[in-house]
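Right after this note come the structures.
Here chain A shows up in two complexes: once beside chain B, once beside chain C.
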Partner chain A sequence: MQKTRREILLFMGGGAAGAMLTPAPWRLITDTAIWSENWPGIPRPAAGEVSERYTNCALCPAGCAVRARLVNGQPVSLAGAAGHPWSRGAMCAFGLTAHHLPYHPDRLKVGSASEAETAAAVADAMARRGAGEKAAVLDLAPGRAASAVYRRAMAAVKDGVYLTPERPLGGARVDLSKARTVLSLGVPLFAGWGTPGNLYTARANFRLIQAEPYESATAALSDEWLAIKPGSEAILAAALAGKIPNTDAAVATGLAEQRIVDVGLSLRANGPSVVLAPENSPEVFELNRALGAFGKTLVADDSAEHGAPDGATLASVPDGSIRVLFLDESVPGAHIPWKAIERKLVPSNPLVVAFAWSREGYGRHAHFVLPAAVYPEMLTDIPSALDSPAPMFRLAAPLVAAPAGMIDPVAFVAKTAGIDPGNPLREKADAIQKAGRGSVFTPAGGKSTPVRSLKPDDFWKALNNGATWMGEPAAGTSFAKPASTLAAGDASDFRLAVAFTGAHFATLASPLMAKLYQDSDLRLAPDTVALHPDTARAAGLADAARGKLETAYGACAVGLVLDAAVPKGLLRVAPGPETLDICGANTRAKVAAL
Partner chain B sequence: MKIPGSYLFLAGALAALGAGWVGFPHVIYKSRPQPVDFSHKTHADKAGLKCEDCHAFRDDGTFAGIPPLEKCAGCHASAMGSTAAEKNFIDRYVTPNREPAWADYARQPENVFFSHISHVKLGGLKCEECHGEMGASDTLRVYQEDRIGGYSRDIWGASPPRNMAGAAPGMKMDDCVDCHRRQGLSHSCLDCHK
Partner chain C sequence: MISANKPNKTARYGMSIDLDRCNGCGACMVACAVENNVPPVPEEATARKGITWIRVFRVDNGEEGEERRSVFVPVLCQQCGEDTPCVHVCPQQAVEVDPATGIVGQMPERCLGCRYCMAACPYHARYFNWWDPQWPAGMEKTLNPDVAPRMRGVVEKCNFCHGRWHAAKERAAAAGKSEILPGDYTPACVEACPTGAIRFGDLKDPASEAARAAADAHSFRLLEKIGTEPKIYYRSTREWVRQAAAAPKPQEKETAHG
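Presenting the complex of A and B:
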C-alpha cells in the first residue's frame, strides 16, 4: 500500500501530539539536565559515615579556623569553627569552597619533566653559573616553617639569595581593636584584607574612611567614602601628614580642600588612628608616624615566632643576575608580575623551576614545573595574620590525600642545596612549646590552654587537629621607613591607574564559585578590563570589544567592558593569567587598539 | 483504499501513547534485584522491630541510613528461622563478612542537604510520609535505575504523569517544596542546597 507524503506527515503529527501526552519527552528533559552528574571525572563522594575534622585555611595569612564535614572521609563542606577566639567562626567565600580546589580543571598533576630530570637540569645550571650569577628562591608566602628552610638552603649555596615580596606597611601588624579611626587608601578591607571574623568584630569600634576612586564593597560599607582621583592616594597621605599644601592636594585628588582638612582633624581628634595602604609608601609611613600609630595601632613584627624575617626584595637584586630561580607557589601568596621577575634572570639560558598546583600560575613561564599538593591536601603552617598583633602558629592539616607524584618543594630545594631540611614544622612547634608563652585554642573542645601545660607531643597533636597557638602581642618599636615607591613605568605615558577587581588569587578559586560569579555577572571574566566610556573613547576604543593593555612590564590582549560607574582615568582589571603577568600593586597602564 | 487523515493522525497519536507509556519505561530503566530478599513485614511483625531500631540515628544526630552488615549480624550470626532467604543471607554475606550492595530507593543528589533528625524529631514526620509503606512490605521491589539520570524510579512517586508507576510518595525537589509550602515552612534554595 503506497503512502503519500501527506499521510506520513499526518501519522507523524499524530505521533508527536501523542508523545506530548506521555511522560517520555518531559522525563528526557529532566534526565538530560542531570546527565552531567554522571559524566566521567565528576568527583563522587561515596555515601558513608559523616564525620567532622578541624583544620585551618591556608588560602591567605588570615588562616581562619575550619570545621570540615566529611562523608566517608571525603570533605563535602567547609565552615568556620564557631567559638574560635581569632577567626570567630567566620570565613570568606574562597575559604568556604576551598575543598573544590583539588578538582580544579587547571589542576597540575603531572610535571613538565620528572623530578630526577629536573634535578639533573638544576645541578647542571648551578654548575654553569658564572661569576656573580645567583641562585634564588622566591618565597611568595614568607613566614612559614618552610621559609626558614629556604633561607638556610640559599645561605648554603654560593651566591644564593632568598627573596620575599615586599610586605605592606613594612611588615608591621595592625591592631584594629585599638583603632578608633581607620583611613584606608584603597585597601580592600572587606574584600580579602585581614581576617574576616576579627575585622567584623573590631568594625563596631572604629570609624572607617575609605579613600578610593570607585565605590568598591569596602567603600560602600565605610562610614565615609572619599572618591579621589585614580592614583592620588599618596598625595592625599602626604597632605594629611602636612608634607604638601592642601590646596595642591585638592587639585590632585579632586577633593575639596575643606574635606581634606576635616579628614585630618578627624584622624587626630578621634584617635588612636591608623592609615592603611596596599603597599609600602613613605607618605603613609610619615602620616602614621604623625598620628602616633606606631606602637599603638601598628605593632612591629620583630617576634621570632612570627617566622623568618623578610628576605631580600626582588628590587634589590640586579637585573639579569639570577641564573637559577625556584618559585614556590604551592601556597597562595603575594603576587609579583612575571615580567618583573623575568628581568632579573640572566639573558641567556636561565633556569626557572616552579612548584605549582595549577597550570595557570608562574609555571606557564618556567622551564620546569613540578606538581605540588594544594590546600586542603598539604600539611603546611600559615604565617601570622596581617591584623594580628600577636604571633600565631596554625597548621593546615590535610583533609584529603594528595594525588600520587606530588613534589615537596622544601625537600627539593634542600636537596639541591645539600642541606637536611629536617622536619621544620615539628621543630617550630617544639620551639614554641619550649618557650612556653601564649595559649592554644582547640576547636574540637572549644577551650584555650596555656601552651606550657602541654607536652610537646600533645601540642603537636593538637596542632594537627586544627588548634591555633597565639603568642603574646609583639612589643617591637622598630619601624623602617620604606624607600620611595614609584609607580611602575613612566607616568607620562601610562596615565591610567589599575585597580584589580578582587584578590589576585581569585582566578584559582573554586571553579564552581568562579563560574557562578561570572554567570551571574558578579565578577568580570579573567583578563577583562572595565573602563569608563569616555576613557575608551579617548583611546579610540569606543566600540571595541577587545583591546591591548600596556604597562611598563609589557602588554597583553584583554576584553573590554564599558562601565560608566568606573571613574575616568581608572582601569578595573580582572585578574587573569595575562593581566597578572604585567600588573602589580601601584601599576599604571594605558589601553590601545589591538 | 484511502484512509481518512484523521484516522492516520489518531493512529500516530495512539502509537506514540503506547510507546511512551508502555515501551518507554522499559527502555529508560534498567533493573536489578536487591541482593537479599528482605522482608520488612517479618521483622516488624515477628521480631517487633520499629523502623528506628535498624535505621537509627547516631549519637551526633546524623542518620545511619541502611544498616551495615554488622547490625544485621547482631541477630543473624546464625539462622533464626528456616527460610531460604535467611540462609542465603547468612551464607553469602554474614559468614564471609561481606556487605550487601543494597540499592537505595531514596538516593538524593550530593548537592542536597537533608536532615532526617530534624524532619522526624522536630517536624514529627512519620517514615511512611516519604517512604510509603516500605516498612510493611514483604519483599523488596526490583530496583529500577534511570539509565540517564542514575536515580531510582521510586523518587518520582506514584503520580502517573510523572512516573507511570510507583509505590511511594515522590522525593523530587518539587515534593519537598510542596510539603514545606503546605506546612508554611521556609523553602528557599539554601535551605537544602547549602
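Presenting the complex of A and C:
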C-alpha cells in the first residue's frame, strides 16, 4: 500500500498528540528538569567509605553504649549498641543527636583571652589571695578520673577546696531490678533519669506510683498517679514514714487521708520498695529507712572504683570566701544556679575561670572562659550510672577531632597547682585491671570477658573501642542522712512552686531537638514557663507571650505558655540558659510582667 | 524488634506501635530527622510549617485533675493499602505504592508542590518544604549520604527509611540472596525507640512481631472507618484510647457517653 507524505505526517502528528495524553512526556519533563532542582543552596551529603565505631555517650552518667556510623571518618548517625547488657541498645533523643554538638551555632571556638593570658591572671590572683581566701574547683561531674586530679590539685594549693554538687539520694545507687514498688516524688523517671535501657527492662517488674502535681510523661505511664499539691512532696514522704499525722498530710498534699494510708500499705506490702526524689532530703531518707530500702533497693556507693570521693559541697563553704574558682562544664554534669555560686565569691576582685564548649552556661558569668572540646570530640570517662548497683568504667572515645585551640581543663588546673596530672584515665584503667574484679563487655564482638583475662594494653584498647567494664555490686551499708533540705533563700515572697520539665542538660542540645518543641508541642522550648491561665491572670499576664520569672536567686525573661492542665500554684519551667541561672533545688518563684 | 524469619518474595511492611509503652521521649522523631536529612526548621516558622515525618502527639481523655489521662501517639505516614488517597490525587504520579513492599513512596523529583496530597491525606502525615533545607554551618557534614535532601517546594513524608531498604537489598545481593532477611531492614524510628514500643516487619509474615502485635485484640488503626487500610497498627489496653483513634463525630461522642 502506497503512503502519501500527507498520511505519514498525519500519522506522526496524531501519534504526537496522542502521546501527550499519556504520562510519558510529563515524566520526561520532570525527570529532565532535575538539574533545576539541585541548586547550590542544597547541601550535598559527602559520599565515601562507610565504617562503624563504638563509644559511650558522655551527656549524662547513664553513659549509653553508642554505635556510630561514619562516612569518611565523620559520624553521620548515632544509635544504641544492640545487645549491650546495660544500656540494651537504647538511647535518648539527646544522645541520638550528640554528633551535631561540635557544629552547634553556640559553639565556643575562641576564649575570652588566650590560655597564657588566663594563666597569668590566675597566677596573679592566686598570689594576691588574702588570709582565708580560697581557691576552688567546682566539679559538676564528680566520679571521673579527672575528678581525682582536681582533688589532688586543690590539696596541693594553700586554702584549696575541691567542691562537688550534693548528689541525689546522698550518693546511694538504685537497684531497680530488685524493686517491686517504686514511689517517685516528682522524679522524671521517663524523661532523663537513669539509663533508658536498664529502666525500661526493669519497668516490667515494678509498680510505679508517681506523686507529682501535674500529669508529666512519667505520671502518664505510671500505675498510679498521686496529683499532690505543688511543693508537698516532702510532707507526703514524712507522713508515709510516720513522722507526721496523715490528717495533716492530707490537708497539705490535697490527697484523701485514706489514699495516703493505702499508698503506705502498698509500699510495705509489695516490697522491696524504694522512694526516689530529685533532691536529697531527710524526709525521703527516713521513708527509705522505714521501708528497709537501704541495702536492698538502695546500695551504698562505697566502692573505690566508683571514682574519687565527693568533695565538699558548696553549701559548706562560707559566703564570700572563694577568690579563684575553676568551673569545668566541658562534660555535662549537675546544675547549681549561678547566683548560688556567685554568693560564695569574695566581694571584690574574684576570678572565675570557666572551661566550656558552648557560649551559653556559666561561661557567660566568668571572667575568663576557655574553649574546651565537647563529646564526641573529647576523651573522658563517664561516672557510674545512678541506677547501677555495680561500679562502671566507660570511656567516651572521640569520634571526631576537636578543633585547634581547645584547652584541656585538667591540664590547666594541674599546671596552676604545680602538680603533674599524669594520665588519669590510663591509671584508673590499669588499677581496675590489676584488681581483676568484674567483666568487660565489648560491643563490637558482643561478648563479656573477665577483666582478669585481659592484659592491661588489651583492656585499654577495648575501652577505647567502646567497651564497658562492670564491677561487682557495692555492698556498703553506710548511708549518710542529709542535714536538711536545700533552701533557696527567703521564699516568703515567692508563692509558686517550680517544676523543671526535663533534664538540665536540655540546653546542650542539637538544633534538631527543636523538632520536639517548635515543630510539635511535645516539650516546652528552653526558657519557657507553662502556667495555669488563672495563675497568669492573677499576675496580670493573661494575654502576655513573655513575662519575668523571679526567684530568690534573681529574675529573667521567659516565654509563657498557658496550660489549663498545669495546676494553679505551679510553674512548669523548661530548663534554658536563663532559667538555670535562677532556679535550683526546691525553688519557689513568682511571675510578673516584663 | 524484628523477627528473623525466612524471606518473602513480596512483602507488606507495616508497624505496630504499643501506646501503653510510648513515653513521648521523641527519640523516634530526631532519629528519623537524622536518618532522612530533615533540617531544623527556621526560627520564623510556625508550628505547622516544620517537617517531622513522624510526630508524637499527646492526646488526653478530656478530664480534669487526677482523672486526666494522657497518651502519646506517634503519627507517621500510615502507608495506606488499596485505597491510598495521596496516590489518587497526585497529578504528577509522584506518589506510588511499591508492589514489592507495600510502601507508599514519594518522589520529590516529580512533585510540583500542588499539595493536593496533603489535603487528601486524612492523617496529616505529609509535609511541605516551605524553605530550602538549611543546617547550621558545619552540620551538613553530618548528613546521611544515602538520602538526598529535598528542595524547596516539594512534599515529603515517611517512606519507612527507603535508603535503609536499598542498603539491605544491596547487602542481600552481595551475600548472593535475592531477598532481604527481615532482621536486615529496620527503619530509624524502630531502632531508636528506647521502650521497644515500635515493632516493624512484614505483615504478610504471621511470625513477624509486627504481624503478631497487629493481630492482638487491643490493636486498632487510625480512622479505620474510612477504609484506607493503613499498615500502621496501634495497640492500647485503654478503651478511651481506642475510641479516640476512631475520631467519632461530636454527636457520636455524646451518644457514646450517654
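Keep in mind that, in the parts below, the second predicted complex is superposed on the first by the 544 of 594 C-alpha atoms of A that agree within 3 Å, B and C clash if a C-alpha of one lies under 4 Å from a C-alpha of the other, contacts with A are read in each partner's own complex, and residues count from 1 in each chain.
Simple rule for what comes next: a contact is a pair of C-beta atoms (placed from the backbone, for glycine too) under 8 Å apart; a residue touches a chain by one contact, two chains touch by 3 or more.
These figures come from a predicted structure and were not determined experimentally.
Chemist: Under the stated touch criterion, which partner chain does A:565 make contact with: chain B (first), chain C (second), both, or neither?
Modeler: After superposition on chain A, A:565 lies in contact with chain C alone.
Chemist: Going by the contact rule set out at the top, does A:6 touch chain B (first), chain C (second), both, or neither?
Modeler: first
Chemist: Going by the touch definition up top, name the partner, chain B or chain C, that contacts more of chain A.
Modeler: Looking at chain A, the partner in contact with more of its residues is C.
Chemist: Pick one for A:515: touches chain B only (first), chain C only (second), both, or neither.
Modeler: second
Chemist: For A:17, using the defined touch cut-off, is the partner it touches chain B, chain C, both, or neither? Pick first, second, both or neither.
Modeler: So A:17 only meets chain B here.
Chemist: Going by the contact rule set out at the top, does A:102 touch chain B (first), chain C (second), both, or neither?
Modeler: Second partner only, chain C.
Chemist: Go through the superposed model and pick first if A:75 touches only chain B, second if only chain C, both, or neither.
Modeler: second
Chemist: Is A:217 contacted by the first partner chain B, the second partner chain C, both or neither?
Modeler: A:217 sits against chain C, while chain B stays out of touch.
Chemist: Do chain B and chain C land on any of the same chain A residues, and which?
Modeler: 23, 27, 30-31, 34, 37-38, 44-45, 47, 50, 76-77
Chemist: In the complex formed with chain A, which residues of chain B make contact?
Modeler: 1, 3, 5, 8-17, 19-21, 24, 28, 58, 60, 62, 65, 104, 107, 109-110, 146, 148-151, 161-164, 194
Chemist: So in the complex, the part of chain A that touches chain B is made up of which residues?
Modeler: These residues of chain A touch chain B: 1, 6-7, 10-19, 21-24, 27-28, 30-32, 34-35, 37-38, 44-45, 47, 50, 76-77.
Chemist: Sort out for me which residues of chain A touch chain C in the complex.
Modeler: 23, 26-27, 30-31, 34, 37-39, 41-48, 50, 71, 74-80, 90-93, 96-97, 99-100, 102-105, 190-191, 196-197, 200, 215, 217-218, 220-221, 225-227, 510-516, 518-523, 564-565
Chemist: Report the residues of chain C in contact with chain A in the complex, numbered from low to high.
Modeler: Spelled out, the residues of chain C in touch with chain A are 20-21, 23-27, 29-31, 33-35, 37-38, 40-41, 43, 45, 47, 50-52, 55-58, 60, 64-66, 68-72, 92-93, 108-110, 112, 132-149, 151, 154, 188, 191-192, 194-196.
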